[in-house]
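In the two assemblies presented below, chain A is common to both, partnered first by chain B and then by chain C.
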Partner chain A sequence: MWRYIIKRILLVFVVILGVLIIIFILSEITPGNPAARLLGTEASMEEIEAKAESMGLNDPVIVQFGRYVFNFVTKLDLGQSYTTRQPVWGELMTRYPYTLTLGLLATALAILIGVPLGVLGAIKQYSVRDTVIVFLALVLMSIPNFWFGILCINTFSVKLKWLPPAGTGTWYHWIMPVVILSLGGMASLIRVTRSSMLDTIRMDYMRTARAKGQKESVVIIRHGFRNALIPVVNAISAQMSVVIGGTVMIESVFALPGIGKYMTDAVTALNWPAVRGGVICLAIAFSILNLIVDLIYVAIDPRLISRYNGVRGREIRKLKKEMAQARAAHAKEVNG
Partner chain B sequence: MVEKNIQNNETVLEVDDLVVHYNTEEGVAEAVNGMSFTLHKGETLGLVGETGAGKTSVALAIMGLLPVPPSQIIRGSIKLNGEELVGKKNKEMRSIRGDKIGMIFQDPMTSLNPVMSVGDQIAEVIRLHENISKGEASVKAGKMLEKVGIAADRYKEYPHQFSGGMKQRVVIAIALACNPNILIADEPTTALDVTIQAQVLELINDLKKDYGTSVILITHDLGVVAETCDRCAVVYAGEIVESGSLEDIFLHAQHPYTKGLFGSIPRLDVIVERLHPIKGLMSDPMTLPEYCSFYDRCDHACEECKQGEPACMEVSPGHIVRCRLAHPEAMKPESWEKGQA
Partner chain C sequence: MAKNVTPYMQKVNARLEKERKKGKRSTPLREAAKRYKRNKIAMIGLIVVIIFILVAIFADLIAPYGYDENDYTAILQAPSWTHLMGTDDYGRDIFSRIVIASRYSLPVGFICVILGLLVGGGLGLIAGAGGERVENVIMRIMDIFQAVPATLMSIAIVAALGNTMSNLILAILVASFPGFARTTRAAIFTVKDNEYIRAAQALGANKARLMLRHMVPNGMGTIIVHATSTMASSIMIISGMSYLGLGIVPPTPEWGSILNAGRPFMLNAPWYTVFPGVMILITVLVLNMMGDGLRDALDPKLK
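== the complex of A and B ==
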């Protein structure tokens, strides 16, 4: 078990390193001189050249990359934003809580509504209830969330004046962004849970559980749902990347000061250090969330662990023990 | 062959004129058509028949596990120790399932929950029917594991850590954990290889003797019946076409279908050039005829056979045949006389 967990944690570092390399190469090959952009349009060629030298932009790429990683790991230094001249790390950290809150709340809402609806649909397949749920999932899946966001602002903020149209402050501000961001994930969770439950409901072990005289509700939850969860957890982890991507859009629509908004602004301003930092932060968050999901996996499905440890290890140890015992018995017989 | 178990004639289960239909979009499938049989205490009854003959439907009807809809018990009664099971509420059936009737399923690979330890799966049924604590139930489940030949220290292991035969042992432990009156074994060895089959059958037999459980063994393997059963019923198209002691069925088969079954298996003691399979296919349960459902495949079919359902004939004590030709005074075609000679 520990072997799997340690392996999985090491993998996070590999993934983050990979993201760093890709992002670094991308920003390296984009045109534009960072020194010139930092100094602005009024700087002379000499000033720019001096700045570039002091920033180490004339060093080989590999050295620059090493320095970037080293600065990030030791000093949490992701460079300076071109537009504000502030350290990128500090700017990201003030925005991180908004994105995380938005992403986690939306995922939680998607799970809390999507999974139970999927189960409810599956246990009475083709019933009216099931048809309504399937139709709902189809509708939710087809709605583009930026459009729905604008529609909601128009209805609930402009016309009905129930909810604030944008910004932060009270929990009212979160309702629309969270709900709208969760819809896509909710739809796919309904579908995955439903089909996964339909598969497990037909399994023989459900019949075994019923043959024990177990209550139908317990049969469905303890025996069915736990088995159906495996693909669902998989879908949740896949959904998280969609949700994190979705925050970029939703933050723009609702003017939330999160990483998504920060990055869209940075991209339009060709503010590379900010884009780079934002992507890395999201990659780290995403890797950690995926790590948690994978560990949950292990808790749900005991078969995963034996793929790493193997029953063979146990059997070989047992065999060795038996052989040692037999040898000892034999020696005793010979000597005695 | 096991000696006949006649000394004890107490009836445990009585199935009378049971009819089960499946209502599907294509039509009504008549899965079980008036099956009647009794099971005595400590006896093993074999239900033999082809795939689709309605064997499993009977088992599920007894367990109260028929999927409703599409299936429906049209009429008939199932009496367990004199208590009528048909029409019982689900809640009442739950207290009977697992406690009074245990069931073993065909495929051990899929009958155990893959994410629950085997011990917990056995303890679950004990906790359901016996008023004992979680700890006591686990101790009992451990003992049950030992009883089916698995070390109790494997309690915490999961089904994927066991072989097929071992899994079937666990399923048997679940079925017998509450010491049921009846054990229904639905093709318990079909998915296992031959050496493991023998072990599992032996285990069922031994435990049956220890607990005094009556067993209904559903199979399509006549060899398995010969080895383990006291009595045997041959099922065709949802009807019992012939039933009796092992001797009656194996040595004095009367029904053309039973004879056909024996003609289609290779024998060690007789040299045969060619096996004689029964011609045609199993009748479609959607379109069963008004007359004998074996008519189309029968070598001895004649015009008289088309006159309504054949009646059951007791040709010797306990040996019942559902064929017009079994009647001693029936008009018999030439082919029949030849077959008897």
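== the complex of A and C ==
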């Protein structure tokens, strides 16, 4: 088990390094001189040249990349924002709580509503209730959330004056953004839970549980639902990426001061260090959340570990090795 | 031929007899088509998708006005018989703009999916059919690409390269090809160990033939389903990007950008934002309906 966990954690670092490389390549091909952007329009050529030299912009790309990673890892330095001249890291950190709250609340709501609805649908397949739930999931999946956000602001804030249209402050401010952001994830959780439940409901052990006179609710929850959980946990981790991507849209619709809003503002102002920092931050958050989900996954699915380093796993690996050797020997014989 | 021993066998035999008379052989594909036709929701999806494609092809004939035809005497008018979906702040007919916009939204989504299928599918095929080491390298690279959420990746790429149509397609491609690679690899894995693959191998088929002639057609079901849902999500991302001002630039009509332009007039002219959003919703919905139907038809075991 520890072997799997350590390998999985190391993988997070590899992935983050990969993300850094991709983002750095993107920033290299972005037109415009960062030194000139930082100094503004009044700076002379000499000043720009001196600034570029001091920022190390004349060094080879690989050196610049090394420095960027080094600065980020040791000093949490992601460069300066072009518009505010402040360190990007500090600006991101003041915005992080909003994005995190939005994302986690939306995921939680999606789980709380999506999973029970999926179970309810599966218990009575093809009933009216089931059909309604399936179609609801289809519609929820297809709603463009930025558009729905605008409609909701218009209805609930402007016309009915029930909820504040934008910004933060009270918990009322969170209702609309969280609900709208959760819709997509809710839809996919309904679908995954339902189909996974349908698979387990037909299993023999369900019939056995009923035959021994167990209460129906216990049969469904203890025998059915627990066995159907694994694909659901998997879907939650897949949904995380959609939710994090969705925060960008939702924050700009509801003017929430999170990382997404920061990034969209930075994109329109061509403020590249800020965009780069935002993408890296969200990618790191996503990798860590995914790691947590994967560890939960291991905890609820013992098969994964046994496959990995149990006696059986070891045997299989040994057999595979032997077979590969035999195959190589055979190939040598045939060819040579 | 099987004897008519059980009622079920009688039914099967009767069906086979009927098909023999028609001269049709029962193939997996025909069976799948039959299952698809029986699925009402899926058929509605298919019909609406075909209508949308026709509308996009004949957009010039259907749109009563030009997409940039201003009429300053008819600004922000409510829907009526002369302007089916009302007019915008330049007095342009919104219905015409939405119809002509389908010429951009649909093909861009389609091109993204085809390219994603070629690039991602190719990589997934190599990963699935190749050795363990190749697979590990390819899949870890896909992990890196997937660590950046699709919307973010698209935004970063368009921000870096500039705001053009080809960059938009590239952005969505980069965001979607890891998904294709993953699905293709999984699909290849399920068919890889079948006996017919080994039989073909024993008959002397080389790797390329094994992959393209035997593995790909048999794993195609899952890949097609993934392609349909990716097309739906690509259309959503494209319109979302135009909404943020990063997609297709005005005055070229695009559903997301029309919607964004209508935002300031939300209170007095709700139709300006409602209709383009409804179009995105319906397009994505029917594509998803089609995808679900295809999944059920191509793989009856899944439910």
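As a working rule, the second predicted complex is superposed on the first by the 308 of 336 C-alpha atoms of A that agree within 3 Å, B and C clash if a C-alpha of one lies under 4 Å from a C-alpha of the other, contacts with A are read in each partner's own complex, and residues count from 1 in each chain.
By definition in this document, a contact is a pair of C-beta atoms (placed from the backbone, for glycine too) under 8 Å apart; a residue touches a chain by one contact, two chains touch by 3 or more.
Everything numeric here is computed off the predicted structure, so don't read it as measured data.
S.K.: After the superposition on A, what does A:Val242 contact: first (chain B), second (chain C), both or neither?
M.R.: A:Val242: touches chain C, not chain B.
S.K.: Which partner reaches more residues of chain A, chain B or chain C?
M.R.: C
S.K.: Based on the superposed arrangement, let me know which partner A:His223 touches: chain B (first), chain C (second), both, or neither?
M.R.: So A:His223 only meets chain B here.
S.K.: Would you sort A:Pro116 into first (chain B), second (chain C), both or neither based on which partner it touches?
M.R.: neither
S.K.: Output check: A:Gly90 vs chain B and chain C. Expected answer is one of first, second, both, neither. What do you get?
M.R.: It touches nothing on chain B or chain C.
S.K.: Taking the superposition as given, does A:Asp204 touch the first partner, chain B, the second, chain C, both, or neither?
M.R.: In the superposed model, A:Asp204 contacts chain B only, not chain C.
S.K.: Identify the partner contact of A:Lys212: answer first if only chain B is touched, second if only chain C is, both if each is, neither if none is.
M.R.: first
S.K.: What part of chain A is shared between its chain B contacts and its chain C contacts?
M.R.: none
S.K.: Can you list the residues on chain A that touch chain B in the complex?
M.R.: Counting only chain A, the residues touching chain B are 203-205, 207-216, 222-223, 226-227, 300-303, 306, 311.
S.K.: Could you please specify the touching residues of chain A with respect to chain C in the complex?
M.R.: Per the touch definition, chain A meets chain C at residues 11, 14-16, 18-19, 22-23, 26-27, 29-31, 125, 135, 138-139, 141-144, 146-148, 150-151, 153-154, 158, 195, 198, 241-242, 244-246, 248-249, 252, 263-264, 267-268, 270, 272, 275-276, 278-279, 282-283, 286-287, 290.
S.K.: Looking at the complex, which residues from chain B come into contact with chain A?
M.R.: 63, 65, 90, 93-99, 102-103, 105, 107, 110-117, 121, 124-125, 128-129, 158, 160-161, 171, 174-175
S.K.: Using the touch definition up top, name the residues of chain C that touch chain A in the complex.
M.R.: 41, 140-141, 143-153, 155-162, 232, 236, 239-240, 243-246, 256, 259, 263, 266-267, 270, 273-274, 276-277, 280-282, 284-285, 288-289, 292, 302-303
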